[in-house]
Amino acid sequence: MSASAVSPARTSRGSYSDPRESPATEVLRTGNGVRDLNPATQLSLAGGLALTAVLFGPLCMVIVVTICLVLSALAGRARPFLTLFTRTILILGIAIVALQTFFVPGTTELFSWWLFTATAEGLAAGIQIASRVLGVGASVILLIQILNLDRLVLDMEQRGMSPRATYVITATVNIIPQMRKQMGVIMDAQKSRGVETDSNLWVRTQAFVPTIGPLILNSIMGVEEKALTLESRGFSATGTRTSLRYVEDRPRDKRLRVLIVCALVAIIGVRIVLWIL
Amino acid sequence: MDSVTLTDVTYTYPGSEGPVLRDINLSIRAGEFCSIIGPNGAGKTTLCAAIRGFVPKFYKGDFEGTVRIKGEDIADASIGEIARDVGFVFQNPFTQMSGITASVYDELAFGLRNLGVPPAQIRERVEGMLELAGITAFRDRDPFQLSGGQQQRVALAAMLIMEQDVIVIDEPTSQLDPQSTDDVFALIEAAQKQGRTIVLVEHKMGHVARYSDRVVLMGEGRIQAIGTPADVFTDPAAASHGITLPESIELAQRLAGHGVTVPGSPLTVPALIGALSGGSHHVAD
Amino acid sequence: MSKLFAIKQDFTLMAILLIPIAVAVNFVGGSLALALKLPLYLDSIGTFIVAMLAGPWVGGVTGFLSLLGVSITDPTSLPWAVLAALVGVVVGTLARGKMFLTWGRIISSIGIIVLVSVALVVIMRFLFFGGFTTSGSSLVAAAMMTAGMPFWFAQVLSSIVSEIPDKTITVLIAVFVIRSISTRTLLKFGTGSIFAEYRTARKAKKKAAATPVAAGTTN
């Protein structure tokens, strides 16, 4: 029908009509190669990297973190990747190494400091655990950098996920800033009464319920009308739905996913062989 | 032809003491503008919900009688399918935003997407509706960033775009300022001009008198009076159910008390002035 | 019993619409507790309310999504999504078992929730992080070990100390909110109607007690 329908049509598309059949639908694209991968590809990529880091030791972790950094850089997200990585995962990793070194009992004493004794066993355990945390953490942060939520939800729809499931995800993301805003208004009123800075813990605790209670009750009260509004807009109507946008799942994506699965099989194989030896 | 027909409808909510609707018989013609008025708790909203099938499909409870839309008994249709025939607009603009769209444009498209309308047709209809509702200026705005009045117009537009034959509207202007109220009414009138049946619950009697073809007065779950606006507003039942009369009728009645009889029942203030200056009034003595 | 496993039936449109609100309540509650400098998390009030209104599965999804959301800004929270989901399931199951109706039962429920949370926190912290993280209760555990306490004892005790006040207050707020919801609204939710029916039954009983003669005739 249209010029855009080049790739072979998928036969099973859940309950959504094929958006590629109409020139009135637009592709959701960012213009960056990594970020424009199909969300399923991005998920399997991050999942594969995380699993690799879990299965192997510190050396492999360094490789995984490097790959994540390079991919983030290719996605134009090197700086946010590094910021988030150092502020959260890296700090936790260092803490784990330190705590394990000092608290895991062992026979090989490295050194003593104040009340604490560092052991070689603890250090070894710490490095093992921390490398797992760093590897998985880096993969998760990579995913945060490259996965776009709109594209994810659209892809889920295209793969036949129930509209109710995708509704929950999108609505959750949308509602949080609104609630924050409503909360800010209530908080300002509390602040003007000096509650926030009151030194008495009981006073501050008592401020909590009247602040959040009405917010919750009002929101629950609106649920009925919202449900009926959605029903009126045909949310529960049966039959095919239309998408005005779509996310590409190019042959390239499919090849990449096959590659990731093959690599994972090989990696797990190597791991098993290493365990047996 | 009748668009909406209720026959012997009696309904009790789960857990409520007695019936909220009692022996309702009502027929609304296709293309008619029918307003429902009455005091708080009279059962207006429940009547609307019955027309849309929310009563009893969503609310459960004890339901007797039949509701027909274009002659079809809706008892057999699913709550989702009735969306194709009956639209419903609520009071609170905020809860009527779908919550999953980033722009007014997408908000209008949402219902059509659910019904599986082809993309090109969706785009065409959205453009048309943006124009009709006078909301083209905020097509790309986040629906939640709009004012209440703007949101209510978006909510109404998002419903009207689905082109149902019947539109049920429950107190759409109770949270709006006068200007927004007029905007909303202009849009409702435009929908009626497209030949659609309007069922409206409204407390602003001036607007009811001006736009309605027929007025239903509800009280204690029953239809207390039904007829043209002039009939119902001059019916003693209206006063006994605490209805504030439209200004023009109120004025005409006061004038009558002072011996000035106004012919007919002018439904708007200009009509009243016209009737008085038309020289056809009679001053006693 | 079979009703408990009819998972899909739990996800009514009303329940679906509750989830985003609850996740937001979790977020807002958590940040409000921080802003008020309270020594509590209070970041699962939404999960508890949803679990009480819509049952274990919807509660579980709410808990999971909340922590998934937190993980976007703090990826180290990701493993706790499992914990949050399981706690949601436990609260929902208790609610379905009518365990939040009377004060006696509410106290037992708090006990069960605290027990489950402590067990899960200790086990998961050990599995995912080797027993030590940068969280407050973990650092308390480390301090206790320095003072000579054994590993598991310190882990469990430090978690109990932080879980008891947090879960108690969370349950109390959730119950308070449920009790403030109108019977009419409660009836729209699968598990919430348990609270509504209890309320109606109690009112009927009170009425019957007030007019003992009428009680005989109406039944």
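Chains here go by letter, A, B and C, matching the order in which they are written, and residues are numbered from 1 within each.
Definition applied: a contact is a pair of C-beta atoms (placed from the backbone, for glycine too) under 8 Å apart; a residue touches a chain by one contact, two chains touch by 3 or more.
For each chain, UniProt lists the protein as follows: A = Energy-coupling factor transporter transmembrane protein EcfT; C = ECF transporter S component.
Here the structure is a predicted model, which is why all the values come from computation and not from measurement.
When every chain is reduced to the mean of its CA atoms, the largest separation from subunit B belongs to A. Top-ranked chain pair, ordered by C-beta pairs in contact, is A-C.
One simple way to say how far apart two chains are is to compare their mean CA positions; for subunit B and subunit C (ECF transporter S component) this gives 42 Å.
Mean C-alpha positions place subunit A and subunit C (ECF transporter S component) at a centre distance of 24 Å. Counting partner chains per residue, subunit B shows two or more touched chains at residues 99. The set of subunit C (ECF transporter S component) residues touching two or more other chains comprises 20. The set of subunit A residues touching two or more other chains comprises 167, 171, 174-175, 178, 226-227, 230-231, 235-236.
Taken in their complex, subunit C (ECF transporter S component) has these residues touching subunit A: 11, 13-14, 16-21, 23-25, 27-29, 31-33, 35-39, 42, 45-46, 49, 53, 61, 65, 69, 71-76, 78, 128-134, 142, 145-146, 151, 169, 173, 176-177, 180-181, 185, 188. Residues 17, 19, 22-25, 163, 167, 170-171, 174-175, 178, 222, 225-244 of subunit A touch subunit B in their complex.
Looking at the complex, you find that subunit C (ECF transporter S component) touches subunit B at residues 20, 183-184, 187, 196, 200. By the touch rule above, subunit B contacts subunit C (ECF transporter S component) in their complex via residues 13-15, 99. Taken together, the subunit A residues at the contact with subunit C (ECF transporter S component) in this complex read 84, 88-89, 91-92, 95-96, 99-100, 103, 115-116, 125-126, 129, 133, 136-137, 140-141, 144, 164, 167-169, 171-172, 174-176, 178-180, 183, 187, 195-196, 201, 204-205, 207-209, 211-213, 215-217, 219-221, 223-224, 226-227, 230-231, 235-236.
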